[in-house]
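Each of the next two complexes has subunit A plus one other chain: subunit B in the first, subunit C in the second.
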Partner chain A sequence: MMNIRCFQNNFSAASFPLVPVQLPSRMETHLWYVLPNEVKSMSLLSQYSELLSPCEKEDINCIRGDDLRKRALLARALVRTTIARYQINNQVNPSSLKFRKNAHGKPEVEWQDDDNLCPVPLHFNLSHTSSMIACGVTMNVAIGIDIEEKQRQLKNNVLAFSRRYFSPYEVKILTAISDPEIQHQEFIKLWTLKEAYVKALGRGFSGLPFKTFTIRSKPATTGSFNLSEDFVSKASEIIVESSDDPENLTNEWQFALLELAGSHYAAICMEKDKTVGGEANTPMKLTVWKTIPFIEDECVSGTDAVVAIGGLIKQ
Partner chain B sequence: MAVARGALLKYLRVNVSPLPQNPSASSNGLFQLTFNAIRRRFSEEVRGSFLDKSEVTDRVISVVKNFQKVDPSKVSPNAHFQNDLGLDSLDAVEIVMALEEEFGFEIPDNEADKINSINLAVDFIASHPQAK
Partner chain C sequence: MASVSATCLCLRASPYSSNTTTQGTRRISSTKLVSIPWKNSGFRSFRITCAAKPETVQKVCDIVRKQLALPPETELTPASKFSALGADSLDTVEIVMGLEEEFDISVEEESSENITTVQEAADLIEKLVQKKAEA
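And then the complex of A and B:
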C-alpha cells in the first residue's frame, strides 16, 4: 500500500483520486453524506487536514473536544472533495478551492479566474449532526439542506416551542396530533424543512423568522405529468407560504423530505429552475451517495438508506 | 445628553400631581425641588432596570448547564455553543427560549441565532432593560 505521506499536497489527490461525477442536471439534487463513526484512520484524517486552507485549519484548532474537531474537519473535507468531483474538464485539487460567505453567512464557492478551475454554477449546502454530515449540490439554482437525528431530544415542550417559533397554522397541525411520539417526529420533520428553506434562501434563522412562513403538504396535482412507479413518495407536494404574501413563494421552491440511513430526517429545498417550462410540478430528481472521501463512494438512491417521505421525488 | 434626555422625556410618561400649596417656599425653590425629584426618579428607574453582568453570567451558565446534551465541565463564560459545546441550530434556539423564560423577556427572532456563545448571551441580556 502506498505511503501517502511521502507525497506533497498536489500529489495526494492523485494517489487516491476522487471518482469524478457528472454534474447534476436541472431540477436535480445530489446529496453526499459521511458517517463520522466510520472514519477512524488517523492517516485519513490527516489527509483531510491537508486539504484545508490555513484559515480553516485555525478555526478547527480553536474547537475544543476531539469529536467536535473531527466533525468540523470532516465537514470541510466533505465539501471540498464533493465539489472537486464535478470538474469534468480538469482534475481539480480539492485543496485549491476557495470559499466565501454571503451577507448572512452562507458559505459559497469563490471561483477563481484560473486555468485550472472552470467556473461552474455549482451550489452547495452543508448540514451536520453528531453522527452524520451531509452536503447537497445543485446546478444553477439555490439549495438548502438540513438533517436531524430522528431520536433527538427536545428540552422544551414541542407545542410550547412551536407556539413560540412556528406559524399559527403549523401549531394547529402539530396540536392536532395526539400521539406524542408522532407529534415529536412531525415536529422534527417540520424543523428540518423550515431550516432547509431559510438556508436555501441564504438567510438563516435570523434572516427570516420561522413565524413568518408556513410549510405544509398539499396533495399534488397530477397535471400533465404521469405518475409512474418511480414515485416512492406519497405524491404529496410540500409547499411554502408567506404569512405576508401568500401568492409569491409557493411556486419558486421545491422540497423533498427523506429518511436517511434509518437514523436521520433530511430536508432539501431547491429553487425551481425557471427555464424548465410547464405548469406541472416536476418531481425533484435525487441521487444520494454515502461516501468516505478518497476511500469509497456508494450510490444509495433507491435503497433502504434513502426513504422518501414527503415531496415529489424521483430517485 | 440633552438630546437623549429630550427623547426619553418624549416617550416616558410621568405622573404629574398638583403640588401642595406651601406659602413659605418661593415658587422658584419649589420648581427646583420638583424638577430634581423627577430627574432622580428617571435615573433610578433607568439604572435599576439593567441587570448586573456577573449575575447575568451566573444565570446564563446555569441555564446552559441544565441542557441535557451539554457537558457541564465545558461551560465557561467563553464557551461557544457550536465549537465548544457541540450544539446545533435547533439547540441554540432552544437555549434562547430557555433564556427568555429565565429572564422574562422576549428575544427577537432576528437576534436568536446570533446569540451563539455564553458571552454574547450575557452581553445581550445585560444590555436589555426588560430583562428581569
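And then the complex of A and C:
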C-alpha cells in the first residue's frame, strides 16, 4: 500500500487522483476511516464540496454548526472517494457516483446502467462519531458497521438502558459486571455490534428491535483451520441468536469487533458468502486504511491503530 | 394553508415561527387534514393527527437540547431534524428514553423511525398520552 504525503495545496481533485485499490475479495472487508480533526484546510474542504451532488450540498447547508457541517461533508466525501478508488467500470470520478436507498432505506450505489450491465455487487456502510468517520466495503455480501467513542457518556444508567433495549440474556451479562467502567465498555461494545447487525440487514434500528436478538461470544470451534498468531488470542466467535427462535442459530452473519485508533470501538457485521466452500467459521479478512482523501492514505492493519477484540479476524 | 376533507375545512394560521413559545397554530380537536408548508420541500404529506401542544414541543426541545448538549445559541425548531443536529442512533434512543420518562409513555421500536424531528416526537407523544388516557 502506498503512503502518499504531500503538502496541502490548491491542487484540484483531478490533478491529484485517488490511489486505486483492488476490490475486496469474498469474505473480506475493507475499512476506511478519516479523523475530522486532521482535516483543517479550507481549500481541501471545498474540494470535497465539489464532489457532492446538489442534494447532498443542500442537506449539508441545512445543518447548523460548523463542526456538524464539516462532519457531514467529510462523510459524503469519504463514501464517494472510497468507492471511486475501486475504479468499477473504469469509473474513477467520485463526483459522478449516484446513490439511492434500497427497499429498506439503506443507501447504496446506483451504477450507471450502460449496456444493461448487471449491477456491481459492491456494498458499503457508513458510520460516524464526532471524531471519526468510517466506511466499510465488501463485495457480494452485505455489510454493516458501527463505531462509537470508547469514552462516550450515556445520559441514562447503563442497566436501565439495557433493560429497556437489550435482550434478557444481554442484560444478565451486563448486570453481572461489577466494575462500572468495564460495564460501560461492554455496553458500548454490545451496542456497536447490535447496530452493525441491523445496519447489515439494512433494516435499521426500527426495522429490527434490539430486544428481538441476542449477540454474544462463544468459543470458536477449531474446524479445519489452524489457530495462529493472526487470530484473536481468545479465538472467540461472536454470534447472533434470534430471541423468538434461540435454537436456530443465525449462522449467516460474521462479526468483528475492533479498537480503532485507540479511541473507538468498531463493529463490523458481514454476511457470510455461501458460495465460498469450506468451513463456515473462516475468519473475516480485514484491511484498514486511515485516510485523508486526496492527501494521504495509510494502511494501518496490523498496527496499534487496529486492535482486534472480538470475533475471528485475519488482518 | 387550507386543506379540504370530506368532513371539515381547517386552516393553519401561519407557518411555524422559529420561536417555539409563540406558536401561530390553533389546537383543533379530532380528525382533520393538515397541510404544512415545509421550507425546501413543498408540502408535507397529509396526516390525520392533532398538532402537539406548544408545551409538549417545548419539553421535547429541552430534552433534545440536553441529550445532544447543544449550545444555547443553536436554534431548535419543531422542524429541526435530529440527524441534522448531530444525533446518532444512540442519541436518538436516549432521547426516546428521556421522552418516555418525562411523559410516562412507552414508544414501540417500530414507531421510532417516525421520530426524526422535534415535531414528530411531540406528535407521537401526544398520541400515546391520549391513547393511555383513553385506555
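Convention: the second predicted complex is superposed on the first by the 284 of 315 C-alpha atoms of A that agree within 3 Å, B and C clash if a C-alpha of one lies under 4 Å from a C-alpha of the other, contacts with A are read in each partner's own complex, and residues count from 1 in each chain.
The working rule: a residue touches a chain if its C-beta (ideal position, glycine included) is under 8 Å from a C-beta of that chain, and two chains touch if they have at least 3 such contacts.
The structure displayed is predicted, hence computed values, not measured ones.
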For A:298, decide between first (touching subunit B), second (touching subunit C), both and neither.
-> neither
Regarding the shared-chain residue A:110, is it in contact with subunit B (first), subunit C (second), both, or neither?
-> neither
Which partner does A:38 reach: the first (subunit B), the second (subunit C), both, or neither?
-> neither
Considering only touches as defined above, state whether A:58 meets subunit B (first), subunit C (second), both or neither.
-> second
Subunit A residues contacting subunit B in one complex and subunit C in the other 62-65, 67-68, 71, 128-130, 148, 152, 154-156, 160-161, 164-165, 191, 195, 204-207, 209-211
Note which residues of subunit B are touching subunit A in the complex, please.
-> 67-69, 74, 83-84, 86, 88-90, 93-94, 97-98, 100, 109-114
Touching subunit B in the complex: which residues of subunit A?
-> 62-65, 67-68, 71-72, 128-130, 148, 152-156, 160-161, 164-165, 191, 195, 204-207, 209-211
Which positions of subunit A touch subunit C when the two form their complex?
-> 58-59, 62-65, 67-68, 71, 128-130, 146, 148, 152, 154-156, 160-161, 164-165, 191, 195, 204-207, 209-211
Quick one: which bits of subunit C touch subunit A in the complex? Just the residue numbers, please.
-> 40, 66-67, 74-75, 81, 84-86, 88-90, 92-94, 97-98, 109-113
